[in-house]
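Listed below are the structures to be examined.
Two complexes follow with chain A in common, the first pairing it with chain B and the second with chain C.
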Partner chain A sequence: MKDIEHLLRVAAIFLVAIALFVAVRSVVKPESYGKLGRYRAAALDEIKALPVRYAGQQECGPCHKTQAREKAGSSHRGISCESCHGALAAHAAAPKTAKALKPEESSMRGFCLRCHEAAVSKPAKFPTVEGGKHNPDMACSMCHKPHSPKI
Partner chain B sequence: MHDSVVIALRDTLDKVTGFIYPNELELQWSILIVLYPYLTGLVAGAFILASLERVFNVKVLKPTYRLSLLTALAFLMIAPLPLQVHLGHPERSFNILFTPNPTSAMAMFGFVYLWYLMAVLLMEIWLDYRKEIVGWADTDPSWLKRLIYKVMTLGVFKPTEKSFVIDDRVGRALTIIGLPSAVLLHGYVGFIFGSIKANPWWSTPLMPIIFLFSAMASGIAGVMLLYMFLCWARDVEIEMPCLDTVAKYFLTAVIVAFSLEMLESIQTAYEAEEHFDIIQLLIEGKLYISLIVIQICLGSLLPILLLGLTQIFELPEKVRKVFYAVSGTLSLIGIFAMRWNVVVGGQFFSKSLMGFTTYKLELAGREGLFSASVIAVLPFFVLAGLLWLLPPWENKPGGAA
Partner chain C sequence: MRELPRRDFLKLTASALLTAAAAAAAAPVAWAEKFYREPPWRRKKPYWGFCVDIEKCIGCGRCVDACKTENDVPREPFYVRTWVERYIIRKDNEIKIDSPNGGMDGYPPVENPETVAKSFFVPKLCNLCENSPCVQVCPVGATFKTEDGVVLIDRKYCIGCRYCIQACPYGTRYFHPILQVADKCSVCYHRLRRGKVTACVEACPTGARMVGDLSDPQSNVSKFRENNKVQTLKANMGTEPKLVYKGLDKEVR
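Then we have the complex of A and B:
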């Protein structure tokens, strides 16, 4: 017994450590963890409770008939209104109090070129221009209508 | 969208060649993830060197036995740091232990790591030093050290002779368990990369084995250099039979690691699957310096040549030492390059196999060169502390060195 006393003490330390781990775990483990899978089941309700920020573009049409019609017939038809105007659920619910965002003339070039700047990595069929050479210093919207950009 | 974001997005296009997917633009696994397998590799390698002495009773290796164990411990203590810094939320890391996910290799690794640290390495060092610790607890001139040693005896101040015999046996059993644990520890790192199906540069079952042998090479080289350095710093003679034997193991590990790497490359080249074109471009382009020049030529072939010469010819001691030091250093650099080529290289090319992105190593910043260098140097400070507390070169009270 005396010969393995030190080993028994080490074993005791390990046992205490494991017991401590189990104890701490039972305290810190989130309550709903594991109910549905390896995540907190309560996270679903928390996420559900977050406010919805996007309205979806079918909401815009009834109030903005012109833009909706224009866009539907243009090559920008695949781009949702809110990818250019920002999240607008609040605006759609109360248009007078919550203003919609609109790309400003001063930053228009950067705004359009984020999609249209020429780059080798883009598919050849995608319409691109070289920002530095394509009518520099003029806002794109002076010539292209954003909702129907073909000239 | 904010103007600065728009401009930043546009500027990143310059970093790209060919066609890549948007999520591949930024390299997620930075230099810290290069450092991580490098550090665990040194741990596994150093431990395997120690095990050779213990399990196979290679007596000449005695002078490096304890040094290898302490080196393994020092590096193991720092090894998780690059991951913590990379992920940025150290306070959350316990969750992988508290809410374990048995189907995730990465998540399970926390347990492998803990097992290896607590049950294998700490136990083995403690058992090996216990006799001295009991002595030092009485005799050490510094009260602080005496106190630490007293705690480390766990209150058993008068151990019986028989208990040391038992310790020796338990220690050997631990080493025998420890060897596969060390293999698991490092094999796992290769496994993580090897099991990423989406990346042809990583996805090969050889990956764990390649990582393992390069880990052995780096760990043995590290201990060899440390041993030479410490002898020089303490102004004692290097025990040449020991150094020669370590170098022999080192050569073996380098040869096996290099052969496996080449085998894998040749196989990939011969199969020439659809991803081979982009890999060829990668090797000839972005990885030319770090793979062909540093990893293969300087990090593998030159050390094999130098070490081979020491095996074939009877070179004088001085020349051998220089050859060992040079090839050890080269190999450590080469193996770092190998980790770099795997981790960063594998993220250079697109899953589309039609384009590349770039990686710009920052100097400052959380994932920059500076923080990586600090982490890489830290284990040496830990090791200095361990050498201060548990000097490996003291004679055992009972006999042999």
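Then we have the complex of A and C:
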């Protein structure tokens, strides 16, 4: 017995340490931790529940039929409504109270030229104009209707 | 303590080795299942992937703005989850990369455009690494890869140690100044799970960005990867991103 006394002492220390670890772990560990992996599974539900701001293209068409039809036949057909009109999930949920953003005629030039200003960095195929030379005093919408820009 | 005779010791060792060998002989199937060779989207549905067509990006910055609106990314001080870099490569091989405000408010005109050999825009976002360095370094398991392949952050569990921010080879993470946790592109996980595309894809006017399910061979991303020559960023790091680029120049880092 005397030969192994020192071993027993070490074993006792280990046992106490393990018991302490298990006890602390059972208190601290979040409930859903480890259910799906080494993370808190409940975090997934929290992330899934985050609010949506952009309604998505499919939401606009049912109400705005004319504009949708007009756009579908134009070179702007690939552009989602919310790309120009801003985030509209609130508007889709309550169309009467939350109004959609409509680019003003006065600021429209800058708005259009954000995409269509000529620059060396843009893809060669993309239609651009030099804003400073292309009828600089006129609003783009005087000639080009945003939903079907081709004259 | 009793001494162990040599004969007994050898017997014991031999039997242990035999048992181990027998177990190893029976095990290869089990091990093969553990170390898959095929990509994970052959096994799991859905599995999200992202594609960027550099040849279509016009640097309008709508994606940056949309991402900020959708995900409440702080505008003041300015942080981004996705941003667009402009590369200007001159004929004398001088390379300039800029991204003022992440490209959200456009770019200043290029000086001396006649000396430019080539110039293009590169949208950046979470690379959806299969082997994510950020997940590996998190000391508390607050950042993780979901079953469908998206790397996310548990905001309640993050202790704000910023280790993941310096671990990301693509620099896509930042420290959220209000929530005091690490934050990153979640590929709009809350939208994907509602059947919507990400805010940046929604806002992109040229279709330069696309998100979709890699496990479906008919999906937009699967078709894009099949029909185009695509490349990932920093492939040498072994992170195996599920974000691929078409038309990536060698100078892009």
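Just so we're on the same page, the second predicted complex is superposed on the first by the 108 of 151 C-alpha atoms of A that agree within 3 Å, B and C clash if a C-alpha of one lies under 4 Å from a C-alpha of the other, contacts with A are read in each partner's own complex, and residues count from 1 in each chain.
One rule holds for everything that comes next: a contact is a pair of C-beta atoms (placed from the backbone, for glycine too) under 8 Å apart; a residue touches a chain by one contact, two chains touch by 3 or more.
Since the structure is predicted, the reported quantities are computational estimates derived from the model, not experimental observations.
In the superposed pair of complexes, A:Gly78 makes contact with chain C only, with no contact to chain B. In the superposed model, A:Tyr54 makes contact with chain C only, not with chain B. When the two complexes are overlaid on their common chain A, residue A:Ala119 makes contact with chain B and with chain C alike.
Within the superposed three-chain model, A:Val10 lies in touch with chain B and out of touch with chain C [touch as defined at top]. Contact with chain B, but none with chain C, is seen for A:Phe111 once the two complexes are overlaid on the shared chain. Using the contact criterion defined above for the overlaid structures, shared-chain residue A:Ala43 touches chain C, although it does not reach chain B. Looking at the shared chain after the overlay, A:Lys2 reaches chain B, while chain C stays out of its contact range. Residue contacts after overlaying the shared chain place A:Val28 against chain B, while chain C stays out of touching range. Comparing which residues of chain A touch chain B with which touch chain C, the overlap comprises 3, 30, 33, 38, 114, 119-123.
Per the touch definition, chain B reaches chain A in the complex via residues 1, 3, 6-7, 9-10, 13, 16-20, 94, 97-99, 101, 118-119, 123, 126, 130, 153-156, 159-160, 162-163, 166, 170, 355. Only residues 3, 30, 33, 36-40, 43-44, 46-54, 56-57, 76, 78-80, 82-83, 86-87, 114-115, 119-123, 126 of chain A touch chain C when the two sit together in their complex.
Remark: chain C residues 1, 55-62, 66, 69-71, 86-88, 106-107, 109-110, 113, 116, 119-121, 141-147, 152, 154-157, 186, 189-191, 193-194, 196-197, 199, 202-207 touch chain A in the complex. Those residues of chain A whose C-beta lies close enough to touch chain B in the complex are 2-7, 9-10, 13-14, 21, 24-25, 28-30, 33-34, 38, 107, 110-111, 113-114, 117, 119-123, 131.
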